[in-house]
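Two complexes, one shared chain (chain A), two partners (chain B, chain C).
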Partner chain A sequence: MAMFRQCPDSGLFFHKSAESLMKAHAVLGVVYLLIGGVLGLLVALTRMPSLHVLNAEDFYLALSIHGTAILIFWIIFFEMAVLYFAASTLLRCRPATPGIGWIGFLLMVIGSTLVMVAFFRGNSSVMFTSYVPMPAEPIFYLGLILFAVGALIGCFIFLGTLVIAKKENTYDGSIPLVTFGALTATVIAIFTIASGAVILIPTLLWSLGFINHIDPLMYRTIWWALGHSSQQINVSAHVAIWYAIAAIIFGAKPMSEKVSRTAFLLYILFLQLASAHHILADPGVSSTWKVFNTSYAMYLAVLASMIHGLTVPGCIEIAQRKKGFNNGLFEWLQKAPWANPVFSGMFISLIIFGFIGGITGVVMGTEQINLIIHNTIFVPGHFHATVAVGTTLAFMAITYFLIPVLFRRQLIWPNACKWQPYIFGGGMLILSLLLLGAGTLGVPRRHWDINFSDAALQFQYAGTAITMMGIAGLGGLMAAVGGAMFCLIAVGSLVFGKRLDPGASLFSSFGFPMAASCYNIERPGKLELAPIEQTGDSGVQAKGTFVLALVFLASFVVYFFINAKYLSSIWPMG
Partner chain B sequence: MQRNDNQSATQGDEPIPPMQQLLDNPFMLVFIGVLFPTVFYILWGIMEIISIPAVK
Partner chain C sequence: MSILPPSQKIWWKEPIHGIEITWIIIALIWCLVLFAWMPYWHIYGKQNLSNESYKTPPEVFEAKANAMAKAHTVRTEPKSNIPVVKPPAGSDVYMLGRLWQWWPILELEKNKTYRLHLSSLDWQHGFSLQPTNINLQILPGYETVVTITPDQSGEFAIVCNEYCGVGHHTMLGKIFVK
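Coming up: the complex of A and B.
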């Protein structure tokens, strides 16, 4: 029975069941992006000292929903879509047990809905971290557990699909690099979800009264194996998307698959250990544990990110130079399709993730320097550069590719599509930089009112810090406009976009299969290996990328030195 | 998207290098990807926390 269709524009093959699962997960992801984005705007406007729009209770409710909806639900729903795409579509293979895939999806929907209900009932404003002994309603923990089980099912279906592809011989050689990146995300997801189960199941029992006490430090340590590692799933997934977009837009081939795969292996081994940087100010664990996990081991994961940060633009440069863009160091970049949101979104994601998110992540992962910025708003400044720009913008960029290819709808509002990555990325850049600055001046995170207007003991932050928080709010507003544009374009295209295939009905935009006549291929041809090319001189060919890498390293050294100098001035020795 | 598995250059008559065998085995990657952080982050961290003397 014919179950595959081939996209006439991209040549990609989509299996009927996998396609529906991809669509359903991606659409739910965008729903949570919208919810989290609206609440994020309210948080940003409240933290603007001049506006301060929400009262304290509503602020912590909004912050809890914003963090959970974006950092968990939007990201993981979309990542599940990426896993089905990377396994079934890229390997030209039927998905393993699609029926169980729908059960997993249903558990994720029920779980995330329970968490939202718990939030809106008003008794679970425990924020994304939900530290004990601060209690939430039992349905909050139950919802997270159900969501995690659903996601875990998706991970095992991904692995099962790899087994089927191997057994049915749908590809030659090794799995493609993009699929390998998705496999890396899956491995990290399995560790992350298992850690979540280890700590959230006892916490659920505690909230029901079956357990009297949960040690806060034990909770924090294990919880961060969930909380931070979940963001490492994002890193692996968005790096895989960078490689995919480089191949889609430019036909670029990795400079060295061996090196890129080894870098993903470093992620598998070491990336999750960076969770320890959240515990750097806690007294209960030794410096040896802290330094090993956040420095020695984490630096190997940082090395992997720097490899990807070099090889993705490097392979684009080589592809562009082959097309004749050979003048100077940067003609290849200048002549890149900056009006195409698939490229611009990906490249902005790569640059801001590396220069802002990457450098600040390493700096705050250093035990001594961490003391300057621990629990300040520097930390949200860092993760808005990594997750909001690095991951979210990469996911937005691939969505512009998937709407015509997967959903078979033409994008509406081409001019808005062109500008959206710049507005969202620009707003997030302003927000991140200003939060990093204010955090360095000591402004705390998760704080409703840094003016302490009702406090018995007054404290006044430097005027510069107050100004920075105000400008950061404007950046948040600009990013919210960019995020709203994306949601309108995505949903508008699915509903009103011109059909590129007569079988693409309104229902098929939201997870139902397209008309039966669309699926006319029983088994796609085998995925063949491309001819092997001599790539030994790639490093020499990518001169512009090499210069960008030197600028990155110089920025890294200067920023590290500034922070070390700042530490010496506020913590004099001797 | 076109594929270009440089690493597969060794396939054919030549034996597959151990590193490529590792990278081609998703279940081994799952095993080591769970083992490393479980040992270095979780178990080591828990051992340190439970070794803190209780308040008397």
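Coming up: the complex of A and C.
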């Protein structure tokens, strides 16, 4: 029975059941992006000292939902769609056990719904981190566990699909780099979910009264093997998407497969140690342990990101130079399709992830420098650059590609599409920079009132810090406008966009298969090796990218030593 | 193309670009500098994280803080009614975090060294000393001992920067340095 269709625009092959799973996961992801985004806006407006829109209780509730809905639900739902795409579509292979895939999806829906119910009942405002011994309702932990089991099923289906592709010989040679990146994400995801199970199952039993004590340091150590490693799934996934977009838009081939794949391998080997840098300022853990583990074993995972930071723009530069954009250092970049949101979203994601997210992450992950940063609003400043711009904007960019190709709908509002990555990325950039600044001045994260208006004692932050929080709120507002544009464009295109296939019905936008007649291919032709490049690698060099990399390194070095200098000015302690 | 299998079956044998290898070497050196900086700062830097901590039940820690306050209280802060404690220079000083205060208020001498013991009686708290900007995580059941030397005089606040419930933002403490 013919189960595949070929997208006439991209040439990609979609299997009927994998396609439905991709759509369902992506749509649910956007639903959580919308929920998390609306609450994120309320959080941003509350932290603007002049507006302060929510009361304390609602603020902590909104912040808990914002963190969980975005960091876990939006991202992991979307990542599951990426996994089905990277295995089934890119390898032209049927997905392993699609029926069980729907069970996984259902578990994720039930789990995330339970967590949302727990939040809205009001007794589980424990933040994304749910540190013990502050309790949440049992259904909160139960929901997270069910969600994780669902995601785990998705991971195993990805691995199963790779096995089938190999066995049924759907491709020649090795899996493509993008699939390799997705595989990296899957391996890290399995580790992450296992860590989550190790800590959340006892915590659930504790909340039900079967266990009477959970050690808070043990909780933090294991919980962060879930909490931070899950962010490394994002890094692997969005780096894979950067490579995918470079290939889709420019036909770019990796500068060298060996380097890019080794860099992914470094993620697997070293990122799991990342939980350590969340407990730098904790008692009970030795400095030796902290120095080794927080640096991800001598920063080898940072090295991996620095490599991708060179090779992704580098492969674009080489592809562009081969097309003739060969003048000077940066003609290749000037002549890039900046009006195409697939490209602009991806490139803004790359630049802000590296320059802001990457540098600040390493600086605050340095054992002693963490003293001046731990739990300040510097931390959200960092991860809005990595997750909100790095991951989320990369996912938005690939969505602009997937709506016509996967959903077979034309994008509505081309002008809004063109501007959306700039508005979202720009707003997040303002938000991140100002939060980093305010955090450097000591402003705490997760805090309703930095003016302490109803406290017994008093303290005043520097006026600059208060001003920075105000401007950060405006950045948040701008980012929320960009996020809302994305949700409207995505949902609007699925419902009202021009149908590119007769089979693209309203229901098929939300997970139902297209009309049976669309699936007219029994078995796609074997995926062949990429053509060997004629010019040879020595002919074209990525000089412009190298200059960008050096600028990046200089910023990194300067910013690191500024913070080291700042550290030397605080009270001597040891 | 990154979405196709590598053009050579044994992709490990593909050549590496010159700028790639140069960048990898530069980046690796920088990563090693970052790594070496931490042990370096342990030896030559003056601001380091404490390695001294104990598992102390909350009631035991509370008793120690009470005993210190009883022995060395010099006055009571008028509005909040919290004792101001002036322990001798070089001594063991206790400060506890609980919903929602840092207790007691301390009065320290400039450029004198103290062993500051910190713990929580209930949930997790964040010890954020402002405006000098020192931030530590405080866990119930764990007692951290930080050797500090205030080198500025004035009034310092301790903001709680770990979320600890609906009164979190009212949780403040004070240290006077004279």
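Miscellaneous remarks
Criterion: the second predicted complex is superposed on the first by the 560 of 574 C-alpha atoms of A that agree within 3 Å, B and C clash if a C-alpha of one lies under 4 Å from a C-alpha of the other, contacts with A are read in each partner's own complex, and residues count from 1 in each chain.
Here, a contact is a pair of C-beta atoms (placed from the backbone, for glycine too) under 8 Å apart; a residue touches a chain by one contact, two chains touch by 3 or more.
Everything quoted here is computed from the prediction, not taken from an experiment.
In the superposition on chain A, contact of A:I193 is made with neither chain B nor chain C. By the document's definition of touching, neither partner reaches A:M469: not chain B, not chain C.
Judged by the touch definition given at the top, the superposed model places A:S256 against both chain B and chain C. When the shared chain is aligned, chain B and chain C each come close enough to touch A:G173. Of the two partner chains placed around the shared chain by superposition, chain B and chain C are both touched by A:L527. Counted by residues of chain A touched, the larger count belongs to C, out of chain B and chain C. When the two complexes are overlaid on their common chain A, residue A:A244 makes contact with chain B and with chain C alike.
Of the two partner chains placed around the shared chain by superposition, chain C is the only one that A:L457 touches, whereas chain B remains out of contact. Within the superposed three-chain model, A:D215 lies in touch with chain B and with chain C [touch as defined at top]. By the touch criterion stated above, A:S287 is placed in contact with chain C alone, chain B being left untouched. Note: residues 90, 172-176, 178, 215, 217, 244, 247-248, 251, 253-254, 256-258, 261, 279, 284, 286, 527-530, 532-533 of chain A belong to the chain B contact set and to the chain C contact set alike, using the contact criterion stated above. For chain B in complex with chain A, the residues that touch the partner chain are 1-9, 11, 19-20, 22-24, 26-27, 29-30, 32-34, 36-38, 40-42, 44-46, 48-49, 52. Residues of chain C touching chain A in their complex: 1-9, 11-12, 14-20, 22-24, 26-28, 30-32, 34-35, 37-39, 41-42, 45-51, 53, 55, 77, 79-80, 82, 101, 122-124, 126, 128-144, 146-152, 157, 159-174. Contact residues of chain A toward chain C in the complex are 56-57, 60, 90, 125, 127, 131, 133-134, 171-178, 215-217, 220, 243-244, 246-248, 251-261, 279-284, 286-287, 290-291, 295, 298-300, 302-303, 306-307, 310-311, 314-315, 362, 366-368, 370-376, 440-442, 444-450, 452, 454-459, 461-462, 527-533, 537-538, 541-543, 545-546, 549, 553, 556-557, 560, 564, 567-568, 570-574. Remark: chain A residues 12, 90, 159, 162, 172-176, 178, 180, 183-184, 186-188, 190-191, 194-195, 198, 215, 217-218, 221-222, 225, 229, 244, 247-248, 251, 253-254, 256-258, 261-262, 265, 268-270, 272-273, 275-276, 279, 284-286, 289, 292-293, 297, 527-530, 532-533, 535 touch chain B in the complex.
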